[in-house]
């Protein structure tokens, strides 16, 4: 695979984009002289690493983190801030990683092409896209990441509502598996949001060098958005824990129901069985046995006992 | 819908209110020259945004938060403090949002008309309503919000008491659903109170510029009120968790009860059945079978066994 | 109701107390000129409020808190410290409130007469009661409050011990209700102690103006006492949670016991029933049916099966 | 009881001990003039209090704490540090209290004689016992206390291992009671260790005046030891919580087992009973009833049904 | 056992290693004069202690900790930093201890030979191994320890996945034991990671003296790696707690299943039994008893009842 590279830079009041491969960039160094610029790459391999090491003095530690880590983090270096963001693109199962190297007059992003295109589209809608250097680009990316988290949280909330609607209607292992899966997705969402929130917190407290002080509100607002989502994830977690214990109580209920059915049935039939058995004995002098009304006496006795027991269970509140 | 606007300003020792629409205000700029003033709006749309941007230099971030966020927050800008309050008006299901832009000599509120009218009534009862600028208005609004939270907490506490009274009397899925619903409402209340408490905390530590230092007690007292309510919500949460586990133990109890009934019944009747069956065999030489006293011997044997087993269960403490 | 008022002031090396009503105090202003002095009131109404506002410049916020709040708190004002203490007088159900306005040379308490009398008695036992102004009075009151908390904690610990003794003996809804009630009382105690502990913490860190620095040990000791009680309440909470889960396991045990009884009974009797039924068939050629020894063969078969099953259950460890 | 007193002081490169009673010490003031010195007492009464108040200016608050408190604490006074240690001597049930008054050139301990003798023995093994004043004595005592905690933690860990070994073998109320008792002992150990850990933490941060700075490592090491033990106690707590829920699941399992036995038995025998009952009817024209092969047909039918049901349960995985 | 010792030192741009025993080192003091140097030992005994005390002024407290402690820790001494690391070499059951004495120009490691060889191999792959003194060696060791933790976490995650796959298929005591064991291993891993994380945190904040400031990123990165693993362990913990409660709900389900089978069977067979018994009575005038169609009437009645009950249970959703 060739290493595609996108270079976005200002062109008057608008933006212009070069799409090429790294080898071409290395041959035509003109492209890197634009300032400010936004460089996007789709992945990281040896060629990309060398390119970043040589042209932007990116520390090997950042490159290593970008290759292997799975937790949002921020690290401030002398020439740039390294930000790693973990986000979800449409569902918890589609976890994505985005590396950002944010320097004075450049921003390099390594990640999915879709996120790049969405950000570039929003950037092109700005009035003066590069007026505030690359800071605005970082904020645009972060906003899209926050929106994606919002989308995932919305989905999980809907699923939680569906599950709550089901829990009083059906109690079966399939529902249990759904609750269990949802519960794990919520734990994952909550943990990922917590890490991103901590990342933004330490970003805000450490990058005064990179952010225009009158724009700090934009980054605080971002932090607030993530905090709101974290709160929603926390609530979802407590909600599913609640659903799980309600579910478990309902299973116990159902067992009570089954056992009540069994007990009522046995309680009503056993005495009748005993009478029948009693009269089945091969013994002399069974009372009424030889009377022509015996069958009526015995039948009425049986029906009477049944009605009495039915009345008894109704009073006890079982039926 | 036209954008109604209320402008409240001092008139001697009393207050005066203009109710009109935004277009009229824009045409008659006299209205905005009053100082100090309290402006109330019922909602936010493009016209309102333009009005606020142009006349009060409200940051677009605040407007965006006012439109979409669902968590109490405070943000200090150069010219004003933006406060977003989430509260409940009569019940957890009636969640309301109130945006406040609190400047040196103006306060703008966007939210429900009812809250506005209640605050205005309290303001008109003050001796010198605008003596301390608009600070007092902010405090009056916050007090009414705190009262509304108090009302909701009272309601949930009553519901919790009712549920506790029911839990030892009935154990059924309806009660479980009520506990589950109440538990979720309490979680919502607790979270909302926590966010409001954090909002007041950071308000107190950051708005020395806006609050008269000798009035700081009023705001600390407000924080205390919310903290007390948070504590009550926390207690309610622990209370319902307790009720839930008591409920679950009671369901287990009831199952024991059912199974005891069944076991006692079977234990007493089965031996009698066996005797009956034994004498039902088509076999020679059944003892007592041909004696005329057989029926008495067998009946006494059966009654004797029954009494022995009843005695045995009573000793075991089952009946 | 007349507003009774007690005024305690030094009289040589001892103390003297005036008991009168507020109206008399207002008429005879001599009484308020004594310094230092301790004033006690039993409750708060409009007359009391006016009296405190005029003579001691007590802030209306403090009066409002004293009237309505239910959480221990401390607030430092310019001329005095306002301390609100919530305590229990003999049991969790007897919650009491005490308001203290602690100034340079006066201390005003509003609360139960019993607490006043106990403190006054202890004060009169001091060698030089007012030697250190009113600081000692505050400490004496706090010590009595701490003792009352200790008493309540002792009671709850005893109840917890009783309940633990019962839990292995009986498992019934009454015990469950007792555990549930105790658990709630412990939660209440713990919360109240936590609030009082926080109150003392912030008192110690803020009232250097009012406390003689060489007496700070006395207040730290008070804080330690409350912290110890809080720890005991926390332990009690964990203890009852433990008891609750032990209880719930024991209920499950008992069900196992019941089901074992039932299963053993049915397992032993059913085969016998089957043999009886088999020989009850109206069918030709039942083996042994017409032999005079049939009854012995069949009886021995039945007894043999019973013994075999009893042996089997004993080996399985069920009986 | 006479108040025995031990006074340990340096004697060349070794130590010397006077054992006498307080009255003698008061008469022969020579004994108290030695410096540095370590004084040990077995308990606290009025005579001891007067002795400490007069000769060492010990604050009455410290004496009161020494008499009544049950939580490790440290309090720094002008002339000495007061340290109260709660420890276990061989088992959670043998809780002991040790009070230490640690001054510039004296250390006074009030507590068990055994701890005194163990410390004195270790002190006598030192090369120059009093070279660093009394600081070393405090460290020696603390080390022995830490060892005793280690011993108790070892015992509880062994008990936890035993219980884990039992939990998969037997499930009965005795085991539950053992788990419950162990769980409570672990809670007690954890709480006591936490308090001691906090005591050492605040000791290290506050007694720079008393500790030789180059010996601070010794006290940090002590803190580490207690922290390790606290971690072990925390792990033990989580371990027993785990055992408790495993236990509870196993009880449920056993119930399943019992119910399976019952269900299998009834399922196999009931159809046979029905056939027998069917042929027991006093009715004409029962099929095969009068055939001489009837008994074989019916017996084979019964055996066939039994085998089919056994096969069915085996496929369902129940047997 | 002889005390083997390895001494690694720079040799031009590469490294050289002496493997000998301590006695030889003591005789040939030349070996210790190399600087910087890395000394490795396999264990600690009196000879090793004397060697370290005399030649490197290692504090006896460090040696004691190295011998006996079981928790990662760091302690800064005047001449060196003492770091104790607890790690797992392939599985939770293979816990290992590594002591590091890190001085200005020496690093001494006491621990497993395997870790030594792995680090030495990585060191020899460096371009200029000792360029930055011994700091790089410490970092190489720590990286290998982090990798080993990563390996163990991977294993436990795989086991958790396996167990989740099993939990919906089988519910038996063996699975419960596996969950319980895994849960305990995860608790151990989490605790050990927490201690190592805290160790690195305090190392970073305290060893500015030993670390080249421009290399601080390497150590922060190490801390991040351990933090990620801790997060994974935390997630694993929550995952197994979830699996445990799902498991417990499934056991309840299965019981419901068993009881439903039993109830259905009894409900269908008992009425048939009653009819059979009814017709087994030795009584006159049983309806249809003497009719030649009686057997058909009764059989149809029985089959009808069975079908009706089957239909009823299907509607109730039980079958």
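Note that the chains are named A, B, C, D and E in the order they appear, and that numbering of residues resets to 1 at the start of each chain.
The definition used in the following text is that a contact is a pair of C-beta atoms (placed from the backbone, for glycine too) under 8 Å apart; a residue touches a chain by one contact, two chains touch by 3 or more.
Keep in mind that what you see is a predicted model, and the values were worked out from it rather than measured.
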* Structure fact -> Those chains that touch chain C and also touch chain B are none
* Asked: Any chains in contact with both chain C and chain E?
  -> D
* **chain E against chain D, contact positions shared by both copies (same if over half, else different)** => different
* To do: Tell me the angle, as a multiple of 5 degrees, of the rotation that maps chain C onto chain D over the C-alpha atoms.
  => 70
* Asked: Between chain A and chain E, what is the gap in Å from one C-alpha centre to the other?
  -> 25
* Asked: From the C-alpha centre of chain B to that of chain E, how far is it in Å?
  -> 41
* Do you know which chain E residues sit against two or more other chains? -> 248, 252, 255, 259, 262, 266, 273, 277, 280-282, 286
* In graph terms, nodes being chains and edges touches, is this line, ring, star, complete or other? -> ring
* Order in which chains appear around the ring, chain B first, chain C after it -> B, C, D, E, A
* Which residues of chain E touch chain D in their complex? -> 59, 61, 64-65, 69-71, 73, 75, 77, 171-173, 176-177, 180, 183-184, 187-188, 191, 195, 244, 247-248, 251-252, 254-255, 258-259, 261-262, 265-266, 269, 272-273, 276-277, 279-282, 286, 288-292, 294-295, 298
* Asked: Mind pulling up the chain C residues that touch chain D in the complex?
  -> 168, 217-218, 220-221, 224-225, 227-228, 231, 234-235, 238-239, 242-243, 245-246, 248-250, 252-253, 255-256, 259-260, 262-263, 266-267, 270-271, 273-274, 277-278, 280-287, 318
